[in-house]
Amino acid sequence: EPHERAFQERVDAGQKIEPKEWMPEGYRKTLVRQISQHAHSEIVGQLPEGNWISRAPTLERKAILLAKVQDEAGHGLYLYCAAETLGISRDQMYEQLHSGKAKYSSIFNYPTLTWADIGAIGWLVDGAAIMNQVPLQRCSYGPYARAMVRICKEESFHQRQGFDILMKMVKGTPAQKAMVQDALNRWWWPSLMMFGPSDDASVHSAQSMAWKIKQNSNDELRQKFVDQTVPQAKYLGLTVPDPDLKWNEEKGGHDFGEPDWEEFFNVIAGNGPCNAERLDARRQAWDDGVWFRDGLTAHAERAADRRAAAKIAAE
Amino acid sequence: EPHERAFQERVDAGQKIEPKEWMPEGYRKTLVRQISQHAHSEIVGQLPEGNWISRAPTLERKAILLAKVQDEAGHGLYLYCAAETLGISRDQMYEQLHSGKAKYSSIFNYPTLTWADIGAIGWLVDGAAIMNQVPLQRCSYGPYARAMVRICKEESFHQRQGFDILMKMVKGTPAQKAMVQDALNRWWWPSLMMFGPSDDASVHSAQSMAWKIKQNSNDELRQKFVDQTVPQAKYLGLTVPDPDLKWNEEKGGHDFGEPDWEEFFNVIAGNGPCNAERLDARRQAWDDGVWFRDGLTAHAERAADRRAAAKIAAE
Amino acid sequence: MATAALEPAVDQAALLEFLLRIGDNALILGHRVSEWCGHSPALEEDIALANTALDLIGQTQLWLGLAGEVEGKGRSADDLAYLRDGYEFRNILLVERPNGDLGKTLMRQFLFDAWHYLLLKALKGSTEKRIAEIAEKAFKEVSYHLDRSRDLVIRLGDGTAESHRRMQEALDDLWPYTGEMFTSDAVDAALVDAGVIPEPQSLKAGWDEIVTEALSEGTLKKPADGYMHKGGRRGVHTEHLGFILSEMQFLQRAYPGATW
Amino acid sequence: MATAALEPAVDQAALLEFLLRIGDNALILGHRVSEWCGHSPALEEDIALANTALDLIGQTQLWLGLAGEVEGKGRSADDLAYLRDGYEFRNILLVERPNGDLGKTLMRQFLFDAWHYLLLKALKGSTEKRIAEIAEKAFKEVSYHLDRSRDLVIRLGDGTAESHRRMQEALDDLWPYTGEMFTSDAVDAALVDAGVIPEPQSLKAGWDEIVTEALSEGTLKKPADGYMHKGGRRGVHTEHLGFILSEMQFLQRAYPGATW
């Protein structure tokens, strides 16, 4: 196909694809799936952290956490807008989320059980997210790439804040330090799973790479994340809960154990600790808000009618 | 009327009136109003105390409070049963409560704000209730009088438990003692109001006295309550929040100030701190339970049908 | 250092009380609003509600921080927020009302914002420089809160029959909690005399105007001024505050002296 | 004094862990059930629910009291109930599930009671005399709980279409939390070997029988045994526990060392 060839040449040349330009249907579909999943993750991601806003231990921590959760809603907004440029509406995407058709990042199906979890999410979960997202700033689809630039900037800010929470705690009482270690124990493996299973066998991945929607393999990013994070854990005085973890001089990186992929697929299948609660919370927010959205719509229509009538009367 | 004369003679002779016996319509109505109001008070009275079950400071205090609230539900049950002997159903009485037609004791429209309030309710509110209820054990209507015997026994137990809570607290930290004084400050006047306004002018009261439904005037009982309670307050090391309070050697009782009857009538009129919440809580419990009651009824009917069918089949 | 800027002539106990009142209002309302995080019916609302909560928590830090300085016992804003029990809180009852549906939350916000706006506007001219400074900053934020809550009250009041019904119900439920904003006691009197704060009653006409106009535009019926609940300003709250605090204060209470 | 009766041969750390598990189950379920006080749909239910909560709190006092003795650090049942944070709690996740409607509360109770009943029945024969004694007392109470919750599950399952729907939904929601009752770890193994407790898995057949029979009588469909949630027994809970504790522990945390 000449269209396809021209498209691929532009991608290969590092040009950005913009909304109104021709693109292969598969490209559009892959992007819609990926961007909406990413947007849903931001939205659902408000919940585990939001769980601690009312219990944040100081006013400053409360303010920082509020700002962070607000940023996540903002990221959701950019991403839904980016997806909308591909011809799907925000309501359609919500519908897919609420029906269970669309996924969101599995990590948000784990519970936040102590304040250290808020630090661990910033450090590990945002850390892994950044690792995934930095290359997306160079994604071939313009609106997505530009949203990513903005998001990545804020995410690294969040990651530093998370690390700061943990720094304070490991320097604190033994109970605080134990909470941090416990948080690492619970969040380490789920964070590694955020990069997805090994993509050796995935044709999907190969096509995404060719289209420059995806730029690195899952294993590559996971390795990078481990290499970045292990020294930070050491700096915090923590033990990474992986007996197989050790420095491999030869490859210039860490060897590490295999995540429990059975758990991963179980969580994806809806059996994570919080799947039901997360989805219920979002569905309920949506359903409880029907009257609110309808009210605003009705008002807007009436106001438009009034303006039109006034205009006619004035003419 | 010969019926009425005979009835009054029996009352005067101290005989008990029983459910199936003839009684003046006014006597029946007065009793239904009074007993159902009393029953509603027990039921609504679960709420201010129930508010602290989840926060009771020790396991023992939690158990005692649970038992107390359970007793109150039990009192409600005896009293609804006593009222039912007069030809009104429990559901009818609930309907009157939920519609706002029937009243309950205004004291339960005040909030329980600290653990000391749980002690103060036992000491003052149950104390005032007992003062009102002891004479009712000799009430002319048999079922009511007998219910009262049982209730009074449990209420004095509750009163001692309330006093015990306060004893522990006044012997405790300054903050605990301050909480107790604060509780007395808030509960003192509402407790005095529990006896109702001065009944000099009330024809109603005179008829109730003649029928031996009521045996003492409101002022008489209030005086008795003050005289009993003031030494207890002193024993606890507390200051009764009434600048006019002093011992009157001549009358052998205390002189004391006038409660704020404007507040009393405001609370009766629905403007107490918790009127809306108490009634909403009861209404919601009732409305949310429709399916539950209907389910049990449907099952009972079906089971009865099955038994009947089995009987026919066996014949 | 900063303490030096406070007028020593002003009754310090009254000043402390006032700062707790205004600071606790911000703290408790901020808490309530933050309960919506992630649960609102539209993404734009999630953002706006978080923003309002954030502003209020920021204001709390300033007001309670100053309260700690005035008290002079070395208590920080955090100490005041996290280590007082309910009877020591001085917020008005309105701000501790449960969120209910979003309509009730927005109506509560509007009734409060209209007053908060006028109060802060007046406080910008306080004889206490520190108070005037905080008011200056907070006023900008609260002007925006008011624009937003007023706008939504109007739009939802004049929306569907259902949204109108909910807004009217919210208004009727919350109305008896608005009177406390305009009550006055010895604390207010002392500070009014010193030019630190405006006479509470003096804000009533302006508040009535803002509220009446918005309600009318939103086709909502202003309730009659009947019985008004009060008590929060002197530490007598509703049963809700205790639950707010047990949650808010858990970590500071469970791990005394720890730094976070 | 009483400590002398405990077999020193038994692994004391395992014993402590077991006592926390059984005590925390009673405490947290007792808390949840007590949330109904004054809010149930029938007076008889108010009484029965309060009674169940009361029994469970009584059992908590005994189990955690013994746990404190075994630990030997001078901690009382109250210290253990009120001064541990969530990650130190050992209850199964089932008992911390939110109450939901009364149907869900009763279904949770039934699924728990059936297991609790069998566990206590076995514990009456424990080689640890103190445990056998507590089990003896608790067994009588729990037999009654089971009679009641089973009866209501049957009647509501086989009631109206609406009550049936609610009970089936409750069952489906709670089912994934039942597997944890039958899990086993090194703590269990050590105590099973010493004859202190029954093998957890050994209770499964009896539980299945009780449950299957009641569900069938109540025309409810037993869910397939799919994925089962766990974690509570090793201190990894749901997000609900933290909120339960912040409320439950408020006074002990806010007024450390005070006696009540």
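Letters A, B, C and D mark the chains as written, and numbering starts fresh at 1 in each.
In this text, a residue touches a chain if its C-beta (ideal position, glycine included) is under 8 Å from a C-beta of that chain, and two chains touch if they have at least 3 such contacts.
Note that the structure is a prediction, hence the values are computed from the model and not measured.
Common neighbours of chain A and chain D, by the contact definition above: C.
Of the two chain pairs shown, B-D and B-C, the one joined by more C-beta contacts is B-D. Chain C has its Cα centroid 38 Å from the Cα centroid of chain B.
In this assembly, the C-alpha centroid of chain A lies 57 Å from the C-alpha centroid of chain B.
Annotation: 43 Å between the Cα-based centres of chain C and chain D. Chain C has residues 85, 242, 246-247, 250 in contact with two or more other chains. Residue positions of chain A touching 2 or more other chains: 55, 175.
Chain contact topology: the protein chains form a pattern that is neither a line, a ring, a star nor a complete graph.
Chain pairs that touch one another: A-C, A-D, B-C, B-D, C-D.
Within the complex formed with chain C, the chain D residues making contact are 85, 242-243, 245-247, 249-250, 253-254, 256.
Residues 27, 31, 34-35, 37-47, 50-51, 53-54, 57-58, 60-61, 64, 77-78, 81-82, 101-103, 154-156, 158-160, 162-164, 166, 247-248, 250-252, 255, 257-260 of chain D are the ones touching chain B in the complex.
Listed in rising order, the residues of chain A touching chain D in the complex are 48, 51, 55, 111-114, 175, 179, 182, 186, 266, 269, 271, 273-274, 276-277. Only residues 85-87, 173, 176, 226-227, 229, 231, 236-239, 241-242, 246 of chain D touch chain A when the two sit together in their complex. For chain A in complex with chain C, the touching residues are 43, 46-47, 50, 53-63, 66-67, 69-70, 73-74, 76-77, 80, 90, 115, 165, 168-169, 171-173, 175-176, 281, 284-286, 288-300, 302.
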